[in-house]
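The following block contains the structure, expressed as structure tokens.
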Amino acid sequence: MLKADNLGVKANGTDIINALTFNPAEERIHVIMGPNGSGKSTLSRALAGHPNYEITGGRIELNGTDITDLSPTEIAKSGLILGFQHPPKVEGVGIKPFLRKVLEAQDGYSAEEIDELIKEKGEAVGMTEEQLNRNINEGFSGGERKRLEVLQGLLLGPEVLILDEPDSGVDVDSLRVIAAGIEQLYENGTTVVIITHYGNLLNHLDEEKITVHLFQDGEIVTTGDSSLVREIEEKGFNQVFRECGCN
Amino acid sequence: MLKADNLGVKANGTDIINALTFNPAEERIHVIMGPNGSGKSTLSRALAGHPNYEITGGRIELNGTDITDLSPTEIAKSGLILGFQHPPKVEGVGIKPFLRKVLEAQDGYSAEEIDELIKEKGEAVGMTEEQLNRNINEGFSGGERKRLEVLQGLLLGPEVLILDEPDSGVDVDSLRVIAAGIEQLYENGTTVVIITHYGNLLNHLDEEKITVHLFQDGEIVTTGDSSLVREIEEKGFNQVFRECGCN
Amino acid sequence: MVAINNLKTRSFDKTGIEKQIEEIVDRNDEPNWVTDLRYRAANAYDGAPLDDPVISDPLEFLTNHKETPADRIKSLEDLPEETKALLDKLGISELEQRAITGLTIQDDREMIDSSFRSQWEERGVIVAPMEDAVKEYPEVRERFSGLFTPEESKLLAYHTAIWSGGIFLRVKEGEKIDIPLHLFFLIQQEGLAQAPHIIIWAEEGSEVQLVEGCTAPVLPKTSLHLDMTELYIEEDARVDLTVLQNWPEYVHTRPTQRGTIEEGGELSITTVGLGPGKSNVTDPQYWVEANGRVEINSITLSKGESLVDLGGSIYLEGDGSSGANNSKGVIMDNSRTITRGVISAEAQETKGHISCDALVMNDGARMETYPGLSSSVDNAELSHEAAIGKIKEEELFYLMSRGLDEEEATQLIVQGFVNPVIEGLPNGFLDEVKQIIDLSVQGEM
Amino acid sequence: MVAINNLKTRSFDKTGIEKQIEEIVDRNDEPNWVTDLRYRAANAYDGAPLDDPVISDPLEFLTNHKETPADRIKSLEDLPEETKALLDKLGISELEQRAITGLTIQDDREMIDSSFRSQWEERGVIVAPMEDAVKEYPEVRERFSGLFTPEESKLLAYHTAIWSGGIFLRVKEGEKIDIPLHLFFLIQQEGLAQAPHIIIWAEEGSEVQLVEGCTAPVLPKTSLHLDMTELYIEEDARVDLTVLQNWPEYVHTRPTQRGTIEEGGELSITTVGLGPGKSNVTDPQYWVEANGRVEINSITLSKGESLVDLGGSIYLEGDGSSGANNSKGVIMDNSRTITRGVISAEAQETKGHISCDALVMNDGARMETYPGLSSSVDNAELSHEAAIGKIKEEELFYLMSRGLDEEEATQLIVQGFVNPVIEGLPNGFLDEVKQIIDLSVQGEM
């Protein structure tokens, strides 16, 4: 269970988040929406321990353990994984050797099991053998990059998976596959947190499972069910914020 | 009216076409199909006067004038225009200044008329003002490049327009726009010759207007109506060639 | 740099420099510090090194001058036709034409200066002929020769000894000048020297855009032009300098630029070399402080038997500083062009990029590039790229297959090649540049 | 190249060279032409130029050798443990190990050679220790020193005077050898010289893949290693040469490679420098005829106080010839690495590309690159690109955010960086290289 209490985050010398409290309930799919520059990505990168994001106050807890000052490695090992908004290419590093190295760190997997697992989960997100034999994100389209993020989520089965814009730069087929991956993670007990601009992805998810958080100026200004998404799509952020008295 | 009689073409020191005769009837849309390496692109580039294609024999006539040994410039001015299979980028050269220069060579156009024409025909092939303000093929997708080729055909209204694979690397929307452009050219009296691998484009054209030529080893082995395309899509080249005794 | 050094001392040359200094001092009535600096430089000449691929003895040019004295330009009417036409194309009014060309016209300087200078002074810009500036503005003393010493090389010693002409430009703190300031150097023989000295000083937070034209319609045959520009870009100041060079075929030019860019400052220099002269050798140097930036862009049309040798060292001395050196060349006839930009990263989080692109238009034209990158820190990002080649056959065929002839197609491609460098230039300027390119290409066909 | 020349003549050194020649001649009973060449070189030494950033007097190393005579290796059992282990990893059988290491082991050469050499001779390959080859194969005479003269430099004069060891390899016309030939140079002190001479001669239409290992486990402290490789690639022949260098920290190496590639021939050289020694300065030269191609790939791990200075000139002399020079460096500790590849296009339709990528792992490590391109024709295509930088923070964060620690993530990224160069290497070799990289990176963390 993830708890961020009274969190402050600074990036490039500017305070982006001041006193955020975000305790996403387990066994839900959480959706964070908000205007550009409201601090959604900052939150996700700060939670994952990015060195450029300085935590200026508050505390992050995962299953009762303080992870506020841990390294990205330790945070990942504690069970919080971030799916990147812009997953980078890594020249010369094959996806499979990388995933093998990542999974070797997890107990109880043999080399054969790992290869079998990569193949099986790879198929689940519609990645071909040829794609899995490439280097990390080399020659990948937006959709393929995001599939690889979800694949890593499926392989690691973390306590909390944050997906930063899994639906941007993604075609319809990929969207469907990514949604299916999210459902599967949910079924397996992962708390999924999705940062998004649009409702498209939500069309492919079971709306009953979704909690929506609206972000503004580094704060969660309101939380509700999936109808909030429809409201935003119809009226835009400004009007919704005005109506809820959140701005 | 285009007439290629007993044509021989050499490229990179190899004879590709030996004794080809190709007299596409006017007021038709001609489709050339054939296996890879059968000499379709060689024919189109040789007709347009590409310096790397040496004409080793025979004669090319356009409206009774011998154009066999003319420069690409003179061939274009005589009324034969080639739409490229891989239209190159030209760094720093804007589409509009280029088209203006091309159209200035044609009599009877004022600068204003030219700009009006580019705008109007650009809209016909679904190219935005922003795209038309770019440099030639800069940042263009496959579909956008092919639209620009058709746009040039529409602006120049040539006697003969050869389109080399206008449908490769092209999405469905572009395909539709390109087909509409071809129909318009046909209506205006241009003899359109399309080189293609697939029947997709033909689905968007009036099949009644189409004559199909099958190419093999630098020769036209058979000519027929659009049903030939369906036959090839079903059976493949080899079987069709076998059945017609063309191989 | 291939150097053909000639270190023999020629006593009559020394006399030549001193005689020239005497003439200048007699005419100018300049402050003692200027004259002292001239004599210090004259003394340094013999011992200073000379590293030049062409000139083995700069003093040779002294004697040549004497043989062909040039006409003096006394008013606008005496301007060569092409210069007049270019000024017209630039959209510069007749009043302004008198002012800007007047900067180097000695005879009626006072009259023109007064209106031109006071006009700019109202906007916060001091702009004055360098001969006047050394007398009128005490602050010139610490800036003059602040970024070089005459002992560095024979050419700098020679320049410092015999400089005349040039301007002093100072933009006051925080002033943002929103119209470009034209500096048109119409170099004519004045005494025996073609060695203008330019100081550009942008105070903290100021901004200015300068367009500098250099041409020499009345220079005697085979002359040597040695100008020096010292640039002081203070904190957060921004200077955009565009230099148009159009030297006749018989002039050797050795322009020197030195600049310091203080914290957060920006210097952008675009050099359009339409006529490089017989030889053009330059190795500008820039020192960049924290978060400062320097960008050198150049386009060179090398023709005839020209030798063009473009260096350019950028020292990234402050954390977060950055530099770029982008050159493009259109290489024609029997000319030879060499580029050798160097960027040294000596501080944290610095960035540098060098690029060199050249179109070689015919056999016999020679293009060479020897860029350099040097990093002694672990988080600098330095890169370079270069491409030397001909016009791509496929592009040419593409344009021709639409009905353009080979010349038109080639002109379009060459214009497209230089376009990214020149597109920011003022319109009249741009048209002029394009026309010269078209004519050059035509000459090649 | 920064040169610290020391041109003073030291008469006792001359005696030193001659004494060494006498020792070698006594031992080898070599043909007169070889001895004559040695004396010609010894005579050329004093007058030859020296352009080296480190070594001011090559003869200094003569005296050092005398102080620390080294153990002799007489059989496989005497091999250092790490060499044995490496040979095992390469999957080389014990018989072959004896053969390949035996190439430089004088004592039991006859026995080993006979089986090894006849085995290869059946496949159309003459491979022989150079001392034997000069006696047994008359054709060696015209190839030895065919691509250089001892007068060119002090280092080449010294090499030619005192060379010993090395091999002669000749692949007969049309022979295509489908298994790689391993040449393992285990350099030990033999007389006073570490100067093996290698000739690789691929006759018309032949093909061969060579893997050459160089190490010097028993070299005395601060020694100088001067090897020379002459490559003759005839028409349509193809040679792939992979060189693994792993020099101890106290060795200065000056390897020289010269090659001619005749019409349609191809030469590809991949150098993996895992230990560059104290200094490694090299400037190979290749001349490429019509439609020939040469490709130089290198990966260098620079550590400690090493100086690595990699030149490389490719002369595209025949129409349609091409060349590439791709280098990658991982720069650590206080080492300094410089690359200065040059490609000259002197014929029609030629193509050349230079690339240089470097990862600078810590402050104080210094990377410099000075590539050169030169074209004197209008249809050459030359290009270069370079990037000097650190490991990208975003890539590191990406890998760490999956649970890898910083060391593991850095190792993966560095391996990925060198991977494109080494991926063609034999498997055992590859694992060895990866392990050395991992250990080097670990040492940096």
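Each chain carries a letter (A, B, C and D) given by its place in the written order, and its residues are counted from 1.
In this section, a residue touches a chain if its C-beta (ideal position, glycine included) is under 8 Å from a C-beta of that chain, and two chains touch if they have at least 3 such contacts.
Note that this is a predicted model, so its numbers are computed, not measured.
Asks: Going by the stated contact rule, which chains contact chain B and chain C alike?
Replies: none
Asks: Among the chains, which has its CA centre at the largest distance from chain D's?
Replies: Chain B.
Asks: Based only on mean CA positions, could you tell me how far chain A sits from chain D in angstrom?
Replies: 50
Asks: What is the distance, in whole Å, between the centres of chain B and chain D, each centre taken as the mean of its C-alpha atoms?
Replies: Distance between chain centres, rounded to whole Å: 54 Å.
Asks: Can you compute the centre-to-centre distance for chain A and chain B, using the mean CA position of each chain? Integer Å is fine.
Replies: About 49 Å separates the centre of chain A from that of chain B.
Asks: For chain C and chain D, what's the span in angstrom between their mean Cα positions?
Replies: 46
Asks: Given which chains touch which, is the overall layout a line, a ring, a star, complete, or other?
Replies: It is a line, because the chains touch in a row without closing up.
Asks: Can you identify all of the chain pairs that touch?
Replies: A-D, B-C, C-D
Asks: Flag every residue of chain C that touches chain D in the complex, lowest number first.
Replies: Within the complex, chain C touches chain D at residues 345, 358, 360-390.
Asks: Would you tell me which residues of chain C are touching chain B in their complex?
Replies: By the definition above, chain C touches chain B via 392-395, 397-406, 408, 412-413, 415-420.
Asks: Along chain B, where are the residues that touch chain C in the complex?
Replies: Interface residues on the chain B side: 48-52, 71-73, 75-77, 81-82, 84, 87-88, 90-93, 97-98, 101-102, 105-106, 135, 152, 156.
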